[in-house]
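Scrolling down, you'll hit the structures one after another.
First chain A sits with chain B, and in the next complex the same chain sits with chain C.
Now for the complex of A and B:
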């Protein structure tokens, strides 16, 4: 029973989270996702039209009319829900069609849809590895990979972020294991840097290891034709497992997949618990995702525009004197180091009509607070110019323009 | 710092700090609660201790609390070594 004492305990825990400045509050968006959105924040405040610079809507397809129309047709043709997991009575022809299309797009051997990429990551390791194996992960991989590794009986190990020397040491150390898997994000979600997949694959081939990549922040736009990090690094066909999402660039609804070597995907079909025990991806999302693949398969226009927007935004912020994390992806972190400063700057930017969010410990390491800006192909030049003007005003207010880590930390603390 | 503590400290620096990291590790520096070692990466530290000192650290003793400072880790190693019978020559 939920006694007064139990309630009090939870209330105390929640107060603790709030006092530590870690309470997350949702902001109500009263429009479709896009470059311009209408937001009610804080709750009860008048709805305000702002420029969105923090979504994963990289290709601007979340509310694209053709995607919405295809989803609507899918809804009419195949219904709203399947009321089943995949292997009982939840697999339609369109699920298989989407899996085939993703296999072709990613340049792999086979693909299996999951309710989300979080679910794919939660299930894939346990399905593929056992006690005799080792998982060697980059220290900055996404939380869902960490959770998936925790659910697996294989031995976990980590290497310093993007440090190939350290990875090689670990591969040497684990030569006695039955199987080795090197695990990385393709594009790292908080820093926006791109994994050195070419070097990683070379090491993996030398030390007989498989390579696993979560390409959620890359599929659809990284690489010359948007296939992902493996295309960007020239290793298509040499990655053993790719997990990715339909919830970001590919329409942004939900759903994810495991794609890769045929036998590995089949093992997931037989053993991955989130696939076995969770509902099938709804037909409406499958229909929308098929249209997304049509759109991005016929032209690279959107990913090219995103690349150009990223260049323009990065150059603009650099010229203003902001301290940015180096990178080539549309994730552009503006480094502020101090957690309170990151929150204050984000609040003031919102007042200026720019929607961004401050990130700080435990989401990123202590003393590395930041505002993560994310570009979209939906952004037009006027959005970016308005964003740069707002950043210039707020940056000047806090005296951080032209200042690096040392000076910002001296003024605001770590 | 004695030899045991120095060896543990050196391993922590080598394994967990990035090049150019300004932080220094002392005997009482909080490693896990201080965000230097996350509980997931702690596994390699446990393996290093087991291999180097030829001991077996039971999982229930390899807690984030017991691994939080170089001193506490050294105490854990000393305790386990004392309790482990030395094989006859």
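Now for the complex of A and C:
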């Protein structure tokens, strides 16, 4: 029973979250996703048109007219929902077609769709591993991987972020296990750095381990033809399991997949609970995703533009004197170190018409607060120039231009 | 007739057992007593599980727990080293990537 006492307990918990400055508030967007969006924030404030520098719309396909048209056609041709899980009566021909297309695009052996990549990561480990096995994960992997590891009986272990020496120690330590799986993100979402998949694969081959990569922040644009981190690092065909999402670069709606060795994917089809006990991606999204693959398979124009936008943005911020996390992905974190400073800068940028979000503990480590900017192929040069001008004004206001960590922390605290 | 049996082991002069030594001793003695009596409800559960095809193993080991605010982790293993190793792995899983988006 939801008694007054129980209600009070939850209210107290929520007050605690708010007092700690950790309450998440949604901002209402009253336009399609894109480089320019209309936002109502705070609630009740007049709707404001701002430049969006914080979405995962890397290829600018979220509202692309051809994707929208294909989705509409898919809706007309195959209906709205399936009202069934995949293995009863919830699989259409287009689901299989999308799985085949993803397999070809990712350069793997087989693919299985999931309702989201969160679901793929939640289900894949339990489906493939047992108590005689070990999972060795980079310490900065996505939270959904952590949840998936917790749902699995295999022994969990971690290695220091991108530290191949530490990974090797762990692989040596776990030689007595039946199977070893090295687990990493392809591109790390908060820092934007790219996993050293080439070194990781070499270690995995030396120590008889499988390699798992969540490439959600890479599929569609990292690598020469946008296949992902494995293409960028030259290890296509040598990654055993890739999970990725349709919810970012590939149209940005929702849905995810497990792609990789045929037997591993088939095991997921037989055992992964989010696949077995949930409806899959609806036809309208499948149709849109197929069009996305047509678009990015026919030309690299969009990922090339994203790469150029990233270079331009990174160079511009660096020349202004901002302290950036090194990297080559379209995730460009502007380091501010102090949580309040990150929030204040984000608020002032919003007033300037630039939509970004400050991240601080516990989303990132204490003393490493930042604004994570994310580039898109939808950005035109004028968007980036306007963004740089606003960053210059706000940076000057807070006296952080040309300042590094030490000086910022001396002024604002850690 | 009093059937209580008491085992007395005099400690050498100056010996002061550490709290965890006493805890270990207590656990061991409780386990011995469990083998000869105590609650028997487990037998019914065990029998049913075996009838359902489960192979059961009962072992005495270490349970280690870590609590910090709302966070709670627990690990169990035959040795304390193993239990703490697992506990560390569980804590470390979320230490750096708890809120990664």
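By definition in this document, the second predicted complex is superposed on the first by the 414 of 414 C-alpha atoms of A that agree within 3 Å, B and C clash if a C-alpha of one lies under 4 Å from a C-alpha of the other, contacts with A are read in each partner's own complex, and residues count from 1 in each chain.
We take it that contacts are C-beta pairs under 8 Å (C-beta built on N, C-alpha and C of every residue); 3 or more make two chains touch, one makes a residue touch a chain.
From a predicted model like this one, the values you see are computed outputs, not experimental measurements.
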| item | value |
| --- | --- |
| Simultaneous placement of chain C and chain B on chain A, clash or fit | clash |
| Contacts of A:261 with chain B and chain C, given as first, second, both or neither | neither |
| Which superposed partner A:146 touches (first chain B, second chain C, both, neither) | both |
| Partner chain(s) touched by A:325 [first = chain B, second = chain C, both, neither] | neither |
| Contacts of A:269 with chain B and chain C, given as first, second, both or neither | neither |
| Chain B versus chain C as contact partner of A:161, first or second or both or neither | both |
| Partner contacting more residues of chain A (chain B vs chain C) | C |
| Partner chain in contact with A:189 - chain B first, chain C second, else both or neither | second |
| Touching partner for A:366 - first (chain B), second (chain C), both, neither | first |
| On chain A, the residue positions that both chain B and chain C contact, one per complex | 139, 146, 149-150, 155-158, 161, 365 |
| Complex contact set, residues of chain A against chain B | 139, 146, 149-150, 155-158, 160-161, 163, 361, 365-366 |
| Chain A-facing residues of chain B, complex | 16, 18, 34-35, 38, 40-41, 43-44, 47 |
| Residues on chain A engaged by chain C in the complex (per definition of touch) | 137, 139-143, 145-146, 149-150, 155-158, 161, 188-190, 359, 362-365 |
| Chain C - residues contacting chain A, complex | 86, 89-90, 92-101 |
